[in-house]
């Protein structure tokens, strides 16, 4: 809504912001655009805490009549988000796994189903869950640095991407590319990601935010209501599929993550990451 | 069928034509190809009368054993068709809205489900319903004039394209491009439309009809029966979806178009169009 | 599995091979890669005998823990496979048609649903059923010879490709390209096939096997289990559709092939092929 209700006589606050531990949000009320910055070093991994904060931030913006669009980017150099936090899947209780997976689902349902315009300004690498965040936006702009890569690389870790990661991916790049990329667990360097349609546009890193703002302005030039209904029409089938199979999907995750072989390979992977630092 | 039944002794009419108010049809019996020209100035808008004539013309050709393919083009300069006639949606009765929407559905069911080869020779701009007509053909050739644009731009008017417009669009350009284009209500200039796959081919305007005839000849070189069954196999799911939800779709249209906010914005749009003249 | 069970003391056989009449298979146990060569001159047509041998070979490899991937190619110059053997569809009994069609289905179910990595090294033309074999693999590399063509050209013969041919095709090239190509019964020369996405890569003919081996090594670098589950997730819907309609699909084939008009056109086609020799 272009003109939010204001008590008479009070000046319009030019900017509202809130920030918790992991994500910083600034809403520019004049444009109706919120800037959401992931600031959870070293790699913006999607921990339970991060996901909860992410969902709450999205919900707040969704319910804020002054907000019409959100640009999602990272405050951490070189990384957009490294994806799901593996420590949440390692040596924890069934209850924890359940809570964690529900939080992953919740984040995606809110983001993919958001009625706001969502633009991902991918200013660093974005594997696995990080890629899902970008795929769930309406538009993806990526810094044209070939050192930055993006993809659903779960298969590389011996993990299978959930069906709704796959559905989201297929909606963006089509069946053939999704099939190959998912089976190979490919991480596509920015230029390749652009060629495949995984990101919509590449720009020099220093122009990324400027471009994201321009794209957002283009999308906000449309009346909200028709755009929102159109978005729902396009995404409903895939959203409904998770809603219909949510508990089953949680059970699958728990069964999978509880396997000793998976626990072992996740532990090995974490050891490797620690040594790398 | 190459040799239609003829009373013995009568010479074979080389050409049959019929024309009502809005559409001119000429069938060349030697080739089996009908030329269908929209001639409803100023912009070939899809009024109830136009749609009715369009459906009847398609039905006639469909039932004419001498006809195997139809080329659809415009006799009005610079415009293929401007889409649904807004005056049919403004200040009319429920009965009228019902009749009008049923006519829109009927046209699409006949055209998208036609057993004839259908080639769109898009010789001008083709927004909204005009784009749907082109999308529903088997092949789209467009004049390579960048001033001509095509797209489902309903969102620009605060309107949501019906699900079967969307289904037809997705079948042509895929999910990602359809999602973005529909949300933005984009009108793509001919070169961009070609790049997106929205039209299959661009040719200089003066070569358009020649090219359309050549493409038609290529398609008619195939035996009809197998081609028709193949077409049905490809399009049946999307056709069946409207058939199954036809009354519901009419109700949705009426509910939508009866809203005061929509009536208001349609009236404003018509005023703007009038002033432009 | 990298280390197959071996009786202690016995040396590991470096290579296992088996060959029947139509197909030669060599399994390199060190790499886990089987080379499957069609050797049924003149054109590797998919006869009942060929299909049976094909399915049995796939089953053997599938059950061999030493085998993780298979490269499919032709030992016959200039032709990968000419597709279904028309003599199997001409002047035979209902029982024969049933047996034949079940064998076609069986081959596809095994190949499209294979848990192995499947790479098609398309070293010659590949119409109709030959194209289906290539489409059913995980990756398609084609010799970049423009004289070699590939496509589902059934419509050219007055035949309709079965729905599961179509589903496989749509999964590879998308709806628009599939619709046009199937209706026209197009045979795409290698460069065009590559442009359409029908094959993933073109290489000079003399580099084809080297490239296929390199691609296979890339796919085998991934852990099998996650890759297999991912593949199943991508292909299950289309596989299940045939499984659910298998008997109906056989009936359709019999009804179709038993028509006198079809028998006549198949006989004419066979005569033409004989004269060509």
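We just call them A, B and C in the order they show up, numbering each chain from 1.
One rule holds in what follows: a contact is a pair of C-beta atoms (placed from the backbone, for glycine too) under 8 Å apart; a residue touches a chain by one contact, two chains touch by 3 or more.
These numbers come from a predicted model, not from an experiment.
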Angle of rotation relating subunit A to subunit C [CA atoms, steps of 5 degrees]: 120
Interface numbering overlap (same over half, different under half) for subunit B and subunit C: different
Distance from the mean Cα position of subunit C to that of subunit B, given in whole angstrom: 39
Shared-contact residues (touching 2 or more other chains) in subunit B: 174
Residue ranges of subunit C touching subunit A (in the complex, touch as defined): 138-139, 170-174, 197, 200, 218-219, 222-223, 225-227, 229-231, 233-235
Complex contact set, residues of subunit A against subunit C: 154-161, 163, 166, 174-176, 178-180, 182-185
